[in-house]
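Common to both upcoming complexes is subunit A, partnered first by subunit B, then by subunit C.
On to the complex of A and B.
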């Protein structure tokens, strides 16, 4: 998948990788898997970029634990059905193949719709002025469960090296998988166990010879975390998404706020969702501004995107995410190129689903009809059934495409 | 020819000249009558005055000398007038025809007339065929008739014969270009059978799911327990015995028309790749050919008589679809699309009880085939 010559070809996923992705809940029903016997993905130019980034992280790691560890931070946007979730799945597959530890948040919506239990987190001393934070025990337990089962091979070989308090240390977990499963099975312990596991994975002991693997954090639907939730406090005030500990932790990591980074190296990739998404004008504006800055547009330029002067004040918590020190890159997924779309249609044709001959004119037609090569639309066109073949009959059927 | 009896009335159409002998006698009689009338008008008695001496009163026909019979007289008239009847209508023979008939030499014919004359052998070349279905190439042959470019009967040469404007080119227009017929007929019929409360788009979504499930299903295998339950495929045992019939291009030919539900020409192993063909074949295979109508009171003792009635293609398919949907509702899957698709797969593999239902209808139809005439006609014989 990392080979640049493979752009435009559809590559099958290995069996063990498929099992790991399934445990991590990376497969979704919206991803066009149901027509095929074995899952395969199209290698795009963006896939090669992710593979190159992972290789860069691998290459930067030094001999001892934590030496030279870099954290790559990516936010991926794009139109509806442009292949963002699949892009995340490809990144996770590459991480599994490189023997990384993968933490997956398959659906950010679960954290904000008030369908999971929440408890107030203990405020630390001296933090009276700050917001009341909340834990979500069940969601932490699910996170630990996915982590433990999808990375079972790697985690069983890693032993805990930090101290986490009596409640956890008294269990004497032999490896990180057992540690994670404590929280997965016991919901009340889950937030603490999550903190412990996270510390084990991302805080190296200085100078230790045993290196811990890099961590890939995959987040799908991050725009759900950019506004208010359906939760209410005990005073019946609306709780903002950033008041939840898990959400705050991941967003601090993504936007490098505070000292939050992956001590053993790795990548944080967050993907937005365009279907059934909340209205988040502040986040969208900041994404546009970041992209403009990446493209080299100065803030003083007339074409630099500015917010609506007459709209409401943008969400201050969201606005401060993209502070000047962030190294978060924003990638926009556009339509496929012609060789990529040809490769995709050939895959559909070889599977017996697309019955036309894959000529250049046919590829061009499907490219145009899919809005300039949007992958999801092209898959729909490739799988289309219209009129059947009719020999004779009173309904004068005409032979058209199947 | 005016008869002698009309001599009393003034003769308006003097198109002939009668013989002088007869004319004299007629004139004498006219003079006699006129004097008689004049004497009456002058106020004399109404009594009949006796005829002048020497002449007896004569009737209308008595003054004429009938030396000949009427037919002989007629023959004599014809001889005078010539054997050709007179041209009473007033239409004269065209001069060109007279010249041609009489064989007048060309130098005697005026130049203007020579220019207008058509060469021998040309003339009305128009086909008097009234058949509406003329092949295109014969039209082309007819339009290239005469050498000097005169095409008789084609006032509008751009159009075909008998047309003023050219007919539109319909070869590029297909059935699918009609808005209301844009879907496959079987798919449309099944979709609308699934539809509830007028929610067509939901039914179409379900239909698309059914076709996707058929696509990913394995090719249907024959059921060895029931060898008679075969699909309507061209490579199945039942189809191989029948002779292949050519598609009927000419509706007037005596060759029998092919069946409404022709066997599918696709091999069985590739059926899932053509989900619409899979669906069509399954429905046409399970569809009954007849329905049984119960006619009250005809069987004797108040019992109703079963009468088999043939069904058209759409009626057969509708019955098959109703059976399929009823069998699908008995399944345990939650989604309608899954239930219907799995019922179709079961039917294609010959495992479904719907086959038994079809067999029952056919058996009853066969046993009641003699009742077909009983239901026909208006009056019941007492």
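On to the complex of A and C.
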């Protein structure tokens, strides 16, 4: 998948990687996996970029634990059906192939719609001005379960190296998989076990010879975390998404200036969702501003995107996330190029789903009809059923798929 | 009873220039609108006589602007009803369909009498032009929607009201019908489309873009007209929403029928 010459070809995923992705809940039922015998993805130019980033992280690691570890931070946006979730799946597959540990948040919506239990987290003394934070035990348990089962091979070989307090006896768990499963099976312990596991994975012991693998954090639907939730506090006040510990932890990691980083190296990739998404004007504005800055547009330029002066004040918590020193890169997934579209349609044709001849003019027509090569729309066009009706004979009037 | 002969005609005093008995010029004198009746009969006789001469298709017949009702009334001096004048117009269009090269002089002269003055200039449709940037424009309408479509040679990009095709038309059917003229002529990848549609709903806007795009394409490539006509892109669909009528709940739906 990392080969630049493979751009435009559809590559099959390895069996073990498929199992790991399934455990991590990376496959969605709304995607068209059931049309084909084995899961495969189209290698795009963006796939090559992710592979190069992963290689950079691998190359930067030194000989001892934590030496030279870099954290890559990416936010991926794009139109509806432009292939953002699959892009995340490709990044996760590359991480699994590179023997990284993958933490997957398949649906950020679960964290904000008040369908999971929440408990107030203990606030430290002297932190009266700060918001009341909340834990979500079941969601932490699910996170640990996905982590434990999808990374089973790697985690069974890693022993706990930190002390985690009274309730978690790290001597009882022989390896990190067992440690994670304590929280996966007992949701009351889950938030503490999550903190412990996270510390094990991302805080190296200085100078230790045994290196821990880098961590890939994959988040799908991050725009759900950029506003208020459906949860209410005990005073019946609406709780903001950033008051949940898991959400805050991941967002601090994604947008930090370098303080909250992955001590053993790795990548944090968050992807937005455009289907059934909440209205988040502050987040969208800041994504546009970050992209403008990346493109070299100065803040004083007239073309720099500014918010609507007559709109409501943007969410201050979201506004805090971005700042001039941020290392978070925002990429936008646009439509496929013509060679990539041709490769995709050829795959559909070879699978027997696309019945037309894959000529350049046919590819160009489908490219235009899918709004400039939007992958999801192109797959829909490639999989369209043509229905024919028998005109004569014993099956007269019967409709069949042609 | 005594029968007396008429008195002898005195040729010295009798005037020979006036007729002895005044007869009307035409039997139509005894109708309500004699000039109209004469015209109608003349046209009908021409149709009967030359009805077998080869005709052309209605859209290929020469474009003619006939006298308006007010103009005909002025020329004949009679208050002819619109429905009656429509009969004359029907006959004129029938005679106009006779092949121009095979048309008898009698027919041509008659048709000229009914041509609207200044019509030659009015009826020349100004053909669309391609501007300095290579853009051609077409306007299409459907139901309550209207669309202006600009077509320029390109590689297949489409913008509808500044948004991409997927944003503008979530339904595949609407997308395909909007680009139908290009799809049918296999030219989707040869042109870029910029359309501004307003009014109506989603499908109405898509269909209005169909018509506008066909017109814009005909400016660029007039030879495609027969193909587009067979594809159904050239005719403006005249269907509109039918009005509600009194005594009914909607245009056609009637209240529940009650036996008693």
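Note that in this section the second predicted complex is superposed on the first by the 383 of 402 C-alpha atoms of A that agree within 3 Å, B and C clash if a C-alpha of one lies under 4 Å from a C-alpha of the other, contacts with A are read in each partner's own complex, and residues count from 1 in each chain.
Note that in this section contacts are C-beta pairs under 8 Å (C-beta built on N, C-alpha and C of every residue); 3 or more make two chains touch, one makes a residue touch a chain.
Because the structure is predicted, anything quoted here is derived from the model rather than measured.
Peer 1: Counting residues of subunit A in contact, which comes out ahead: subunit B or subunit C?
Peer 2: B
Peer 1: Mind working out whether A:368 is in touch with subunit B, subunit C, both or neither, as first, second, both or neither?
Peer 2: second
Peer 1: So in the superposed three-chain picture, is A:79 touching just subunit B, just subunit C, both, or none of them (first/second/both/neither)?
Peer 2: After superposing on A, A:79 lies in contact with subunit C but is clear of subunit B.
Peer 1: Taking the superposition on A as described, I'd like to know which of subunit B and subunit C A:377 touches: first, second, both or neither.
Peer 2: In the superposed model, A:377 contacts subunit C only, not subunit B.
Peer 1: So, does A:385 touch the first partner subunit B, the second partner subunit C, both, or neither?
Peer 2: first
Peer 1: Looking at the overlay, does A:207 come into contact with subunit B only (first), subunit C only (second), both, or neither?
Peer 2: Touch partners of A:207: none, neither subunit B nor subunit C.
Peer 1: Show which residues of subunit A both subunit B and subunit C reach, each in its own complex.
Peer 2: In the superposed arrangement, which is not itself an observed complex, subunit A uses no residue for both subunit B and subunit C.
Peer 1: Which of the residues in subunit A come into contact with subunit C in the complex?
Peer 2: Within the complex, subunit A touches subunit C at residues 79-81, 361, 364-365, 367-372, 374, 377, 380-381, 384.
Peer 1: Quick check: in the complex, which residue numbers of subunit A touch subunit B?
Peer 2: It comes out as residues 34-35, 352-353, 355, 383, 385-398, 400, 402.
Peer 1: Under the definition above, what is the set of subunit C residues touching subunit A in their complex?
Peer 2: 155-158, 164-167, 172, 175-176, 179, 183, 186, 188-189
Peer 1: Over in the complex, which subunit B residues touch subunit A? Could you list them?
Peer 2: These residues of subunit B touch subunit A: 174-176, 183-187, 208, 211-212, 215-216, 247-248, 258, 260-262, 265-266, 273-277, 279-280, 313.
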